[in-house]
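In what follows, a single structure is set out as structure tokens and then discussed.
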Amino acid sequence: MKKLMNSAEDIVRDALRGIAAAHPDLAVNVDEQVVTRAEGPRPGKVALVSGGGAGHEPLHAGFVGLGMLDAACPGEVFTSPVPDQMLTATRAVDGGAGVVHIVKNYTGDVMNFQMAAELVRDDGITVESVIVNDDVAIEDSLYTAGRRGTGATVFVEKIAGALAEEGGDLAAVVAAARAVNERSRSFGVALTSGTTPAKGSPTFDLGDDEIEMGIGIHGEPGRARRKMASAAEIAEVALGAILEDYPLQRGDEALVMVNGMGGTPLLELYVVFAEVFALLAGRGVRIARTLVGNYVTSLDMAGCSITTCQLTPELTRLWDAPVRTAALRWGA
Amino acid sequence: MGCLTQGRALPLMDMVLDEHAARRWVAAIVAAVESHRDYLTQLDAAIGDADHGVNLQRGFSAVAAALADKPGLTPGQVLLTTGTTLVSKVGGASGPLYGTAFREAGRALGDTVAGTGEQLLAALEAALEGIRRLGSASVGDKTIVDAFSPAVTAFAEALGAGADLAAAAAAAESAADDGMHATVGLQAHKGRASYLGPRSVGHQDPGATSTALIFGALRQALVEQSA
Amino acid sequence: MKKLMNSAEDIVRDALRGIAAAHPDLAVNVDEQVVTRAEGPRPGKVALVSGGGAGHEPLHAGFVGLGMLDAACPGEVFTSPVPDQMLTATRAVDGGAGVVHIVKNYTGDVMNFQMAAELVRDDGITVESVIVNDDVAIEDSLYTAGRRGTGATVFVEKIAGALAEEGGDLAAVVAAARAVNERSRSFGVALTSGTTPAKGSPTFDLGDDEIEMGIGIHGEPGRARRKMASAAEIAEVALGAILEDYPLQRGDEALVMVNGMGGTPLLELYVVFAEVFALLAGRGVRIARTLVGNYVTSLDMAGCSITTCQLTPELTRLWDAPVRTAALRWGA
Amino acid sequence: MGCLTQGRALPLMDMVLDEHAARRWVAAIVAAVESHRDYLTQLDAAIGDADHGVNLQRGFSAVAAALADKPGLTPGQVLLTTGTTLVSKVGGASGPLYGTAFREAGRALGDTVAGTGEQLLAALEAALEGIRRLGSASVGDKTIVDAFSPAVTAFAEALGAGADLAAAAAAAESAADDGMHATVGLQAHKGRASYLGPRSVGHQDPGATSTALIFGALRQALVEQSA
């Protein structure tokens, strides 16, 4: 393993030092691993806190700022943060109008955020949790861990963040976040395994002509392995799995993200996007808004994920609202 | 129960879970996690995200430091400190689960300075109950519960059959081991491994494996006492 | 080799279809491989055209838009575009105030742009070329191909683009572009070789514990190989090479980019930035403006490059001016 | 000079570079580039950017198509079309260089329908001059020029010594080959390979190699005619 780091133990804190140095708009508590907006809480504004294991950059710290998150708490690589971080973050951003925890649906994340929410409530802060679970590669069932939260997290954070920024109250912000999650689906494909700094070798082995379909964002293997295929075929399988679960109809408008897993160059992501666009156009679905790039990564894994969200005029309006963060920025 | 043989330099006492035994237990876990770190991570790489060993090591080395700073605790406080430290240092799935387990065990022990077999059993039951409440996993889901639950049952049965603490812990260890081995054949229904569906079969669960280490450490701590 | 593509031959055109689909602000001529702003030329505005081999995305197409380029012409992967593309691009964006060709200093790019400039002049369009050559790993000499153009290209395109947008005349825009180039230096490090779609295997072999120092952006090996080192050591060597060539003094303000080569995750780039920041702070140099991310890539190569530019208040003002492109966006 | 033996079905003529010979030359380059594509790319991977074979193949297959569309050309027009197509299809360093070379050669042939040895020599000299003007490389810089320049000199010397076109082309081919081999020992001063500094030594230059193929193709085209 070769990584640009000083030590596997310190990689997250070293990166936080870099984020602090690069983004004067952010306040970074390196020791507690909490990133907030430099200007502090805005009284009366609903605050959004998210967090999760590191290794998915720019998620979540790259989405802290005007029109999106108020705080992010990155855990160790691929490890949910601990309740103390979430507590610190929540206290730091509470503006008296309630705090929303945006939680990707992983056993660890859910349990740690749950413990944090209990502690926060002891402080008298109103907190609501929104679970993101958009990954169609996983069967949804009450008797399992349920679907993973992946690409839709960016949509939820952007749209709920916009509503909070313009003064939406806690119930409205939570409702918007849940609506975005419900209307969004994702599917991921890996061309290579990622390598965690701590383990130092690829998490799984993949042949030179094999790919994993239905992977998550923690380097875990997917549900099935198949032979390498063209971008067109891969897009068809991925989008097919999404549409089977959440059909998009002729006349629908969609927000679509083709997201890189960290080791795949933008050139290839645009190739995939061209295929996704053609497939949806063939069904009469219009891609009204787009993200192509690395937004929810899995260390140095090569591959991509596709996320769709069925838009409404209101969701489109909130998507277009100004945002000023390290990784997403427009209109401000 | 109790160790009544004489003739050694150590002051003898009834076999109980006192502060020293509790500390020995935790110290033995610290050592086991340290020496099995890469093994646990390797197991987690196959069906999870390759961090279970690293997570536990981060947690238990913090536990060792926290306990070193706090002399003169009750056994319940030893376990409570252990759990609280795990909750705030581990993260992931295992952090809240083991953290809650040790906190619940510590609470169950109350302020006793010398936990009896029945008190330790109640503590272990409270730990299991905490894990179940938080994670809603049942036996057969391929998780910590697959080793923890049979271990507690075996501990109870051995006590009921008149075994001393060390013998009951040995029975628990062996049941945890069996439960751990049995996870190989299971399909995961909880935790990250469940994402693999049928592909999770054929791999040993990392959390069940660390649970077996925890019961191995308990036996070790109590056998040392009875030796 | 596994890449998200349909065929090595079509990867650039397929990606251009994706760019066209993703960015309605852009007009993409897929067959001729020319990307321009959708709104067409603005009469009286100096136009900026750049181009180069593909494989460096988002460079250059990702920098077409308000406040930056007017057109980009991507060649095949790692192959300079041909004069016809540059001619088409130049004709498409000429607003009567002259056109600036921003050319990275590679034999092929320089010769093709030179041939294009001759053809353009036959059309009666005034064209000036600005050569970017910021890479300190290469000795500068009249008798060689000279220094490569790498990271500084982004700075040149942003700052010259801002001046053109606000009405600067041809001489002023060219002078600003040259000033940025002269004040900028880069140094690159590879942890792995990239793989071109056409060749299908890594361009060079690198041991598991080796890195290449002083690489360019075309997958070519660097000037020296060394053992893998910590992020701190790597930053020190890279920044050392830069500062030896262009010293930054106590009190200087710098624009600094830590750029990923395509296969390196953002987490690691922030670790490197933390080290660069600390090293410059130690010399009393303030990093006033920053870019951390994938801007000038080399396919799927793992590694990074560091680029510094000594700022002036005027350059800072132009850097801060509004920009709205696929890959760089603020204030608009 | 000229081929005066009789007794074959083909109509005989003086050995000249007519349209057919020019087309044969280009066709032989197309074939050589096709069969050496991966080899040239491999050479470029060692000291460049792994695209020289791909670049030339893209260019020369476009040349083949362009020429197929245009019957009835002068030899000069054949070379001009070749050069123009290369300029607009290849890109990189080799596109303008070879494109200019063929364009200059075509221009130098003027409107002759049957280029003599002297006319071909003048064309080759114009090609070399075009490469030099554009790339400012000298012999020893480890580029195309290291094969092209000695080839032109050998062609001139052979002609001066009374050789026919085929023999002069054979001399040029052999000189280009020697020049190509000699690039192995050189440090590059122009083109991408120069970025490697001393590390460029020990590798054969891809451009010099393709130049040797071009002169091999010329010999082949003219020997076929004289056979």
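Per-chain residue numbering starts at 1, and chain names A, B, C and D are given in the order in which the chains are listed.
In this section, contacts are C-beta pairs under 8 Å (C-beta built on N, C-alpha and C of every residue); 3 or more make two chains touch, one makes a residue touch a chain.
Quantities reported herein were computed from a predicted structural model and do not represent experimental measurements.
Using CA-based centroids throughout, the chain positioned farthest away from chain C is B. Our note on geometry: chain A versus chain D, Cα centroid distance of 56 Å, whole angstroms. As a whole-number value, the distance joining the C-alpha centres of chain C and chain D reads 34 Å. Here the spacing of chain B and chain D, counted between their Cα centres, is 78 Å. Looking at chain C, residues 77 sit in touch with two or more other chains. Residue positions of chain B with contacts to 2 or more other chains are absent. Taken chain by chain, the contacts run in an open path, each chain touching the next and the two ends left apart. Pairs of chains meeting the touch criterion: A-B, A-C, C-D. Touching chain A in their complex are the following residues of chain C: 1-7, 11-12, 14-23, 54-55, 57-58, 62, 77, 191-192, 208-209, 211, 228, 230-232, 234, 262-274, 277-278, 287, 290, 292, 294, 297, 299-300, 302-304, 324, 329-330. Contact residues on chain C toward chain D in their complex (touch as defined above): 53, 75-84, 106-108, 111-112, 114-115, 137-139, 143-145, 148, 196, 198-199, 203-204, 216, 218-221, 223. Interface residues of chain D, counted against chain C in their complex, comprise 41-42, 45-51, 54-55, 58, 87-97, 134-135, 189-192, 194-197, 199.
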